[in-house]
Amino acid sequence: GGDSDEGTGAGSKSFAAGSTMEKLNKAQKIKIGTKFDQPGFGLKGLSGKPEGFDVEIAKIIVKELGIPEDKIEWVETPSKVREDSIVNGTVDLVAATYTINDKRKERIAFAGPYYEAGQNIMVRKDDSSITGPDSFKDGTKKVCSVVGSTPLEEIKKHVKDVATQVVPFDTYDKCRDALKQGQVDAVTTDNVILLGYIAKDEASFKMAGDNFTKEPYGIGVKKEDAAFRTFINDTLEKAFADGSWKKAWDNTAGKFGATLGNPPTVNRY
Amino acid sequence: MNVLIDRFDVFAGGFWLTFQICLLAAIGALILGAVVAVLRISPVPPLRAVGTAYVTVFRNMPLTVVMFFAAFGLPALGSNADFLRIPLLDQVFSRLGADLPYFRFALIALVLYTAAFVCEALRSGVNAVPPGQAEAARSLGLTFGQNLRHVVLPQSWKASVVPLGSVIIAMIKNSALVGFFGVAGDLSQSADQLTSAEGYAFIPVAIGISIGYLIMTVPLGALLDRLEKRQAVAR
Amino acid sequence: MSQQTSVLYDVPGPRQRRITLISSILAALLVVVGGYFLIYRPLDDNGQFSMDLWGPLVDPSNENFALVWERIGVGFGNTLIAAALAIGASLVVGTLLAVLRIQLRSLTARRFTGLATPLAYLLRGLSTLLAVVTRVCVEVFRGLPVVLTIFFVARGFPEFGISFDTLWYLVIGLTVYNSVVIAEILRSGMEGLPGGQAEAAAAVGLSPLQTTRLILLPQAFRIMLPALISQLVVVLKDTSLGFIISYEETLNIGKQIIGALGNPIQTYLIIGVLFIVVNYSLSKLAQYVQHRLARGRKTAGTPAQNPPPAALTAQAEGAGGI
Amino acid sequence: MSTGEPLIVLEAVNKWFGPLHVLHDVSLSVGKGEVVVVIGPSGSGKSTLCRTINRLEPIDSGTITFDGRPLPAEGKALARLRSEVGMVFQSFNLFAHKTILENVTLGPVKVRKEKPAAARERALALLDRVGIANQAEKYPAQLSGGQQQRAAIARALAMQPKALLFDEPTSALDPEMVGEVLDVMTSLAREGMTMVVVTHEMGFARHAANRVIFMADGQLVEDAPPAEFFANPRSERARDFLSKILTH
Amino acid sequence: MSTGEPLIVLEAVNKWFGPLHVLHDVSLSVGKGEVVVVIGPSGSGKSTLCRTINRLEPIDSGTITFDGRPLPAEGKALARLRSEVGMVFQSFNLFAHKTILENVTLGPVKVRKEKPAAARERALALLDRVGIANQAEKYPAQLSGGQQQRAAIARALAMQPKALLFDEPTSALDPEMVGEVLDVMTSLAREGMTMVVVTHEMGFARHAANRVIFMADGQLVEDAPPAEFFANPRSERARDFLSKILTH
């Protein structure tokens, strides 16, 4: 947003005494975990600052906390370290294409969702043999995803032989390269991530079929911090309403041609 | 601590894969290193220059960079390292569920990098033979080849064993990097898998993984210490 | 090298020189042709010489040139910071560890005569225990991959509620490993000194600690200086492991640049060259220092000092060497 | 020159290296001001004998007393004893990282806690005495072997020892340099320093020693004034040894 | 003993090590059966002189002829020459990984292509001759210095050389062992072997040499029969050197 200086500084907003919001506002500093290699959501490029939808959503929350944007410390949180980073207090919150699910709720809490993605499959442009997750049933096609991610676990349910068909890498970039070079036949993960790759290299890749899961993205916070979660939920609803949510999308992931649809309903569990 | 028992298969599998990678890489590195060492002590200056350049490049570059190079450079040159798909090896790979270019790339990087150190270990062995030995051989009238075969090499080999062993130990440790590099299922990647994805407590997993590496490195190190002490006494 | 060749080969005569010349020309041709077909052609065929890929790295007029090099500068700065902190900490800890281990050796041999018997036994037990503990630590940390020590530090510390910047995880991880290696370098330097040095010190009446501090350690530092500088190379290389804990060193920044520009070969080549230049200079420095030390030693009839054990130097160079 | 009063007394000393019996019931008394030369074939235990006297080698049985007191086993007391018994080694063993002057002052300053300035004063006098005052600021590696050995003698003298032990002080030297070191040793002997000298220099033994001791296989085989020993060795072994050494 | 016919002839030989002029216009002729002892201070170029004769060191100018032919520069011819000129080093340089017997037979079998059995026969005879026949199956490290050096002499003799070069063959030895090596050398000299011997053993020079050569600073300063040289050295430097060596 352009009006970022309005209403920032210590004590610029009033929060309940002892709450996380008050602490952060007093400190005028916040650490946010996001991805650095996720086009459209969190990508650190030549500018040295991460850019993307997750980043914009985080900035909206930070603004609501009364902290100026340049006081944010961005911390790289690849998929596998997200829970640990929250639990250990390495970051104050995580916005990193973070799918809400029950297993994760055992260790941390989610605000949101602020976006509903779905798992999809990316294949080489000239490949018509894969049309959906069931194409892996015959036991020949290899599919790649990232260690520790939900899509990896999901796709395991659709393949015949996990050991030979599922190829786990540590980043999606490697999966993409492997697909391009023919070492695997497909990459599966959330549609938005795949859209980012397709947008960058339309000559090589395409999507195979529709989303076959629902992946609601949430903001990860400490499990016991209900007040902070409520605050973020409020902030998100406000952003849905005032159009800043839509604006954030259009400036980032929206550029890849993905549709946004209606705002999701935040889940105040 | 239960994880050590419950998921023993993961630890054992990781150990086995790491062991196999190390074995393959060690064989490759020994062969390549010997070739480079021959280049480096050959009397032909351009060959010597090639050997020296090789060692300079690979000794001064982080293995990480070599690995990235192998992984991104080879494909860009249009190769998936298919030349490594030698029938027998290929079988081993696929049984590991690792019949993947990344496995081969990692192997290539490990071999290229380690070979530079193997070369230096072999060369240090040749240098360790006292000059008097070669001089005495020459003054008996032995030719260059005879000198090498009967006097220098048999002795340099002994002097090389310990440094070579250390290089291999270093290589075993370096192999831990492949797990962070896309080769799934080796020891170090198992650590990651168990703690991040499956949520096991960190400390027991760390202990288990450490034991896996120490089983390979510590006895080998102790053996080398013994060998070195024995050689020191014999001298 | 010249010394070594002269041991293996006679000074060449005219015929030998001719043979060498001819095979040199052949070899040079072979290298050029091989380089063309194995490296240049594949690169060219795949369009890797295109200015689109090289421009941001080598062409100052390219719009991204300044940005890219600023990022690389930041990354390399971080690399240097981490390496400097790690080597400094390793030196301090390593020296203490080496002195401790040497002292413990003479301590465990002591019988503490003159003290009451139970106290003497207690002291002897304590020093033996300490000796065993340090020994085990050394073996364990020397036998573990540095990648793992870094990873364990980054994961383990927060487990106990201690959390720092990633820089410090990297520095601690590197220090754990390298201080042990440096301790071993120094210890073997002290043990490799001619036995007469310690004996002469004892004969003058210096205590064991004085002997270590005034006689052995300073000399071990000097003799092992080349090995210590080589260790600096190892540390510099090992900082690149920071990428596994998301520390923004050179290689990590390189990944980001590649993410934006899609030119892995070119970027990694530049980064590789950067490392080679810095590390090569350091190894040259080590060689120069070694030469000077060797010359200083040769000028007169001092008994030759034992060279550092082969295993150790090789391991020091190869070991962390990632 | 000897006052007769014993300074170093060894009684029934035994020493093993593992299974090897290197000192075999050795008893020996060296009086104040006496110069004793020890000779014998290689491996006969001469160096070991010499090194037990300042306890660089501990012994397995028997007693050694120095100036009336038994040798302390360890700690401060041992360091003090050692500072009273100077030792000169075959390979000089100068501290390679210190200048000649620092080599000589180190003991007095660190062990005897002398003032650096005073120690320096005395060190320079000693270096002058052994004829290398002009080398004071150099490092050992810059000196010839003969100069280094003389520096080592100065270093030992700087502690004002009651006795000096020499273990083959000239056998690592080029032949031209042997003389300069023996000259210094001879003058020390003349001035009444108590000395135990392991050496193969028969000339020195002949004209500077009060007694010659012949060792073989860890045993003290003969103990006689030099004139008597060289003219008329009593044992077969000594005769044999002398014939080997003196033939060529 | 010398037949007068020259075997080794050096003419105006010069040799530099970088800027260092180590051999300075050296001319020298050694007749068949002659024994020449080379003495001189350390660094005067004695070893270098010795090593140029079998071209372990190439020379920069001048000529060296052996048995009438100039030294070949390389290859087979050089190897053949070297097999005709035996060399004995200060530090023995026995092949550490081979037994004494293997050390002695290696040259005959590999260079002269003798039958192993015959070579072995002869090797044992030679070992017997130098008095170490019973050590034939041991490794060099298991022998004393004197024994090693005698084995090295046997190794050189096994090639049936026309001349033998010795570079300080006794200076790495314990004094008792010097004799046994010199005895072997003396008997070789008596039997008419042509020998060039760098040594500090004046006794050997006196009674076994036909000529003594004194070198200083790379120059051949004196060349005289031993009796003449020791009684009456002509140059100042030789006098000075002798006085230092012979005092004690």
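We call the chains A, B, C, D and E, going by the order they appear; numbering starts again at 1 in every chain.
Note that a residue touches a chain if its C-beta (ideal position, glycine included) is under 8 Å from a C-beta of that chain, and two chains touch if they have at least 3 such contacts.
The chain lineup, named per UniProt: B, C = ABC transporter permease subunit; D, E = ATP-binding cassette domain-containing protein.
All values reported here derive from a predicted model rather than from experimental measurement.
Touching subunit B and subunit D together: C, E. Common partners of subunit C and subunit D, by the touch rule above, are E.
Between the two copies, subunit D and subunit E, the C-alpha superposition involves a rotation of 175 degrees in steps of 5.
More C-beta pairs touch across one of A-B and B-C than the other; that pair is B-C.
Centroids built from CA atoms put subunit E at 36 Å from subunit D. Separation between the centroids of subunit A and subunit C, computed from CA atoms only, is 40 Å.
Measuring from the averaged C-alpha position of subunit B to that of subunit E gives a distance of 47 Å. A separation of 84 Å divides the Cα centre of subunit A from that of subunit E. Shown for subunit A are the residues that touch two or more other chains, namely 81, 84. Counting partner chains per residue, subunit B has residues 72, 135, 138, 180, 192 touching two or more of them. Among all residues of subunit E, none touch two or more other chains. Here the touching chains pair up as A-B, A-C, B-C, B-E, C-D, C-E, D-E. Contact residues of subunit E toward subunit C in the complex are 55, 58, 72-75, 78. Interface residues of subunit C facing subunit D in the complex, by the touch rule stated above, are 110-111, 113-114, 194, 196-197, 199-207, 210, 214-215, 218-219, 222, 296-303, 305. Considering their complex, residues 36-37, 43-48, 75-78, 81, 84, 88-90, 173, 200 of subunit A touch subunit C.
Listing the residues of subunit C that touch subunit A in their complex gives 64, 67-68, 70-71, 74, 155, 158-159, 161, 163, 246, 255-257, 259-262. Subunit B contributes residues 40-41, 43-48, 50, 56-57, 59-65, 68-69, 72-73, 76-79, 113-114, 117, 120-121, 123-124, 126-129, 131, 134-135, 138, 144, 147-148, 152, 159, 162-167, 169-177, 180, 188, 191-192, 195, 202-203, 206, 209-210, 213-214, 217-218, 221, 224-225, 228, 232 to its touches with subunit C in the complex.
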